[in-house]
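What follows is a pair of complexes built around subunit A, which joins subunit B in one and subunit C in the other.
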Partner chain A sequence: MGCSSSLPDRNNGRLGVLSSENSGVADSKNLRVKLVLLGDSGVGKSCIVLRFVRGQFDPTSKVTVGASFLSQTIALQDSTTIKFEIWDTAGQERYAALAPLYYRGAAVAVVVYDITSPDSFNKAQYWVKELQKHGSPDIVMALVGNKADLQNNREVPVQDAVEYAEKNGMFFIETSAKTADNINELFEEIAKRLPRVSSS
Partner chain B sequence: MDFTSSSSSSLTFTDFLDRMRHPASVDLVRSIKSFIVSFSFHSANSENDSKRLQDFLLAMETTIKDHPLWAGASWEEIDNAIEGLEKYVMTKLFSRTFACSPEDAKSDQEISEKIFLLQHFVRPEHLDIPAVYQNESAWLIAEKELQKINAFKAPREKLLCILNCCRVINNLLLNVSISTNHVPAGADDFLPVLIYITIKANPPQLHSNLKFIQLFRQQSKVISEAAYYLTNLISVESFINGLDANSLSMDANEFQEKMQAARLAKAAQVAPRNISTPRDPQPVYCDKEIHMGGRHYPFMEAEAGKLTVEDVHKLLSVYKDVVNKYSVLCQAVRGLSLNKEKLPVALRGDLCDCILEHPRADCNPAEQDVVEVEGTKEKEKETVSAGLL
Partner chain C sequence: MSDSDSNPNPLENPFKSLSLNESQSIVANEAVERSANGDSVNGIASEEEEENTVGLIRAAEAQVDESSSSGVAWRENSQYEAEDFAPSSPSSSGYAGERGSSTGTSAGPIEEVGNDGIVRADSFSNAGAESAAPWVPGKRHLDEDDASISWRKRKKHFFVLSHSGKPIYSRYGDEHKLAGFSATLQAIISFVQNGGDRVKFVRAGKHQVIFLVKGPIYLVCISCTEEPYEALRGQLELIYGQMLLILTKSVNRCFEKNPKFDMTPLLGGTDAVFSSLIHSFSWNPATFLHAYTCLPLAYSTRQAAGAILQDVADSGVLFAILMCKHKVISLVGAQKASLHPDDMLLLANFVLSSESFRTSESFSPICLPRFNAMAFLYAYVHYLDVDTYLMLLTTSSDAFFHLKDCRTRIEVVLLKSNVLSEVQRSMLDGGLHVEDLPVDPSLRLGSACPHLRQDRIAPGSPNRFREVNVGIGGPSGLWHFIYRSIFLDQYVSSEFSAPLNSSNQQKRLYRAYQKLYASMHDRGSGPHKTQFRRDENYVLLCWITQDFELYAAFDPLADKALAIKTCNQVCQWVRDLENEIFLLGASPFSW
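Right after this comes the complex of A and B.
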């Protein structure tokens, strides 16, 4: 399992949390977005998020480092900010039935698989079907092939994932939490696809 | 995050009460009073009650923002007032709104009994919790946090117990990942630990507490991290309710046997009360529960010289099984009356004598935990001023 370099900084976070966070007020310039992560255990869900949160680190950002819940605010070019509240889910088979409790009300679902594991790709397709059946109808879905640095062990062809994503109206990207490849791109693309209250 | 301010909560609540005693807040006090009284005009219904409370809190937020007593107040001060209001009102309405339906009571009892059985045999390995996370002292702190949940009546404080428990677990996971260079822990690691902690803690009235928080905590506060950890405990409740042989890393037959043995141990703990009266000499569980066979003991005919190293694993597992059953049996027999004539034939003779000679202390280690859990139950710490309204 590989995201050896993305350990969180021990001093990172919690103390600097601003009180305005409690207000829960989201206006058209400051969106609060619930993002749920789904995928088999071991595909690197939490590594992707930690890489995202760490990579964006700057002293003024409000970063919460937990083990399974993280939030990160990004600023877009139109001066909108988006606070991603990232809900990780347990990927083990025995917890599959609990997932609806987590993705209820989510605006974004990121479904992750490991490009070296066809099983995890099958599992990802299972989650996509689940979300189509039970998720909110306007949920933004992203399909993410992680561990792209392990090209030599690739077992899930890019083309398969591209086709699958197209067929299901999803955004697809391959990432490496280890090298940070495409991590920011993933979240930026999600931000672009979010439905906005138009501020004209 | 909301739960960083737990230590100051009593201060802010006192502050809220002080403001309510101020002559200028007489109109607010009247609204609060009539809101509380209005509940007595309707029969208890959790969904309706929840909606009325949520609407009331929203309306009062607007009122307070415009109120002269809060003129120029900061966002925090307004927030404290709403928090104080929620705590005050929900403490007053507690007996009406908490665990108020027979269904809630039933759900509470069912999950508590199931957890009680699971406590007898579920180990971290059954949930594939890596050994690096098995930290007894941290786990104990997390359990205690969860067990405090009934020490409070206000939804915010009940929620805090859950968040504190989760935070202890998080810190443990984070520290382990840093100190061992382990892959950073996510929900794959967090959820199993929370499940295990919940089984160990068997928090009182779990179902009713979760429902109460969902219905009566201000909706604008059940967001973000608080919502995430509350959802985790709700999913733990759901997992435990549905827990069967497939939910654990354990052989299905073994699971059934362990559950059966735990039921027997439970019956034995209840038994002294049942059979203390001479009119009730035949405990009903006696015949149906004691034969718990079904498992082979393949080495009964074996000779020592023919055993191989490979047999050790199996032998050990059979040995543990026998010892477990023996301990349970000890207790069951002691729970029955100690009159040999009334025991099933299979239990008479050597086994029975042996049991009678045994000191009591060796029996069931789980018993101690249970006593402790019950000791913390219903500890009431609320200090809501009775003289306000």
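Right after this comes the complex of A and C.
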């Protein structure tokens, strides 16, 4: 159990959530960050975002169409705030050619797979390659093994993912949108790794 | 799926002989005969044959032989569903006699009980209506394939396949399991095409089989619902359009590169879009009228919405569309851009059937097939409340943040001018009710004071008025009407009320209108101006002028002269209300 394994009530969480829109030009204390989620359809990208942004988990599957846009602002301990502008992509094949539309200019890419599906792990590797070729050169990449609550059905060993992430300079974390395990940690860790100097 | 040369009834099975490369002439003949003799499709049939038919079906049923079932063998005897029709009243629920010279009547035979095709025990919408569970989109009966009895008993199948015979979509059953069946359909289509004939229509016993070839994509409908050929063909066109809306026509290039290309992955996650479209074929008049309908609103309210949409359109948005469920609140197109009602139907269906749009704002590539079938547009979609949603379409893939700003501006204006609360009120009040039709012209209050229910009833007691008339319908036995303005590409339809309470009655009336529409628009038999039909279910009246089309249903005992007079009153009523029920002045359509 992580220290914040379930924090459905975001106001009591460690992360202060600001609701005001700071849509102006970001300064060094208030960052605006474009983040894109990529990965096979069904791995839980939308659930991760909704858990992070709204503190909810809805088990009924709602296939994403095109891409959804959500934003969430977090406050760090050094009193900087980071507004994540999140593109939750659909992950279906027909939109693959349009993915650059969403990851172009992204500072962060979160590549998600489902720990019970080796196929989705392969697909994740495809996205990593794609981003290495066409994404911003200084993009922060996270590899996320979701549905960690389904330990008994695990088909992708932690070790494989750790090695792959290391080789590709990504950070790796396993999450569960269902139990909220490691969801906040994922975004905090991203926040820590963001280059702080350039904020334009 | 064994071979089926043992068909006991080869003569009654033109389809079967087709599949075997023999007696090809049968198909060709059938197709030619159909196109030459359109009235056997839409003819207004006599009402006398039903009873014999039931007898025939019963007899045929006795010989059901389930062992021989090649995918293509539409053996008649295994297809009949007479047992499934309400056993309590076989005489009024039989199928039309397709063996006779007439094709169906506008009456009982067209009913298709249940959204789902099987009459017998489906939990979906049975005649009980009110208590029936709401229809839920999505594919059902995935476990079925062409060897399942239940699959073969479905009354209306839709298939999409590639020119190499690969399944792309099937209404029922898992596409992958239907590969054999698909290959057979492909063989039939290309066989006839190679012979220089375009197979469009085959009648196999009770079933009509309708083909639509769109380049490398073949669409097929197999139906025993007795809907006219034109209606079913129009439905195939819409299914194709829906596919283009998701993929654009450039999908054809995949087939040029690789004829055996498998298209199913490209449509991943869209089952609900297609099932909801197919469902709308049995309730949404827009699917055959090629017109859209508006939510009734005070003129000034719609104006307020239109003004802010226009403002936004001037800033580089191609189309700005504000809708509530399937009804338009207002819409605006950039200069010279025109939006076809079919595109609107397909777009609304796509958005309404994709749950994720309700969760958050989104930005998705979509194609409007009538606008430009080759290119994607980008759609910003956002729900303003549970039923009301805004769609902003642009050609620019970078426009998201601009559109998001536009939405914020629109939302502020709509809230300030109470448009959203007026929309909700209109949803509660409903549209036109036949009971409210002003009968005596001297009682009409004139167009200055519109007759929309919402203006006549104090808020808080929305039903008081209606209760008086429950069970009677409107004046002169008027039960329902649809008025389509030709100039505006819009229609208005009265609300269903007693005695058209159940969803089956409504669907039956809808099918009767559909048939009437087809016969009124039948090119073969010249233009009709009016039509009056009486059968045991209704009196149906259709009247077409340069300006409008009126379809009206009356009590079967209604007096003809009175019905005609009432139709005139309906038209007058609609004209008096046009400021509230239509979107005027801003028609973005090509003319």
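The rule is simple: the second predicted complex is superposed on the first by the 161 of 200 C-alpha atoms of A that agree within 3 Å, B and C clash if a C-alpha of one lies under 4 Å from a C-alpha of the other, contacts with A are read in each partner's own complex, and residues count from 1 in each chain.
Note that in this section contacts are C-beta pairs under 8 Å (C-beta built on N, C-alpha and C of every residue); 3 or more make two chains touch, one makes a residue touch a chain.
Predicted model only: the values in this text are computed from it and were never measured.
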With both structures superposed, pick whichever of subunit B and subunit C touches the larger number of subunit A residues. B
For A:Arg94, is the partner it touches subunit B (first), subunit C (second), both, or none of the two (neither)? both
Who does A:Thr73 touch here: subunit B (first), subunit C (second), both, or neither? neither
Is A:Thr116 touching the first partner subunit B, the second partner subunit C, both, or neither of them? neither
Can A:Asn182 be said to touch subunit B (first), subunit C (second), both, or neither? neither
On subunit A, positions contacted by subunit B and by subunit C: 41, 46, 50, 64-69, 88, 90, 92, 94-95, 98, 101
Would you tell me which residues of subunit C are touching subunit A in their complex? 246-247, 265-269, 272, 350, 354-366, 376, 379, 397, 400, 404
Footprint of subunit B on subunit A - complex, ascending: 1-4, 6-8, 10, 14, 17, 19-24, 32, 37, 41-42, 45-47, 49-50, 64-69, 71, 85, 87-92, 94-95, 97-98, 101-102
Contact footprint of subunit C on subunit A as seen in their complex: 41, 46, 50, 62-70, 88, 90, 92-95, 98, 101
Residue positions on subunit B within touch of subunit A in the complex are 1-2, 4, 75-76, 79, 128, 169-170, 173-174, 177-178, 181, 183-192, 220-221, 223-225, 228-229, 231-232, 234-235, 238-239, 242, 246-248
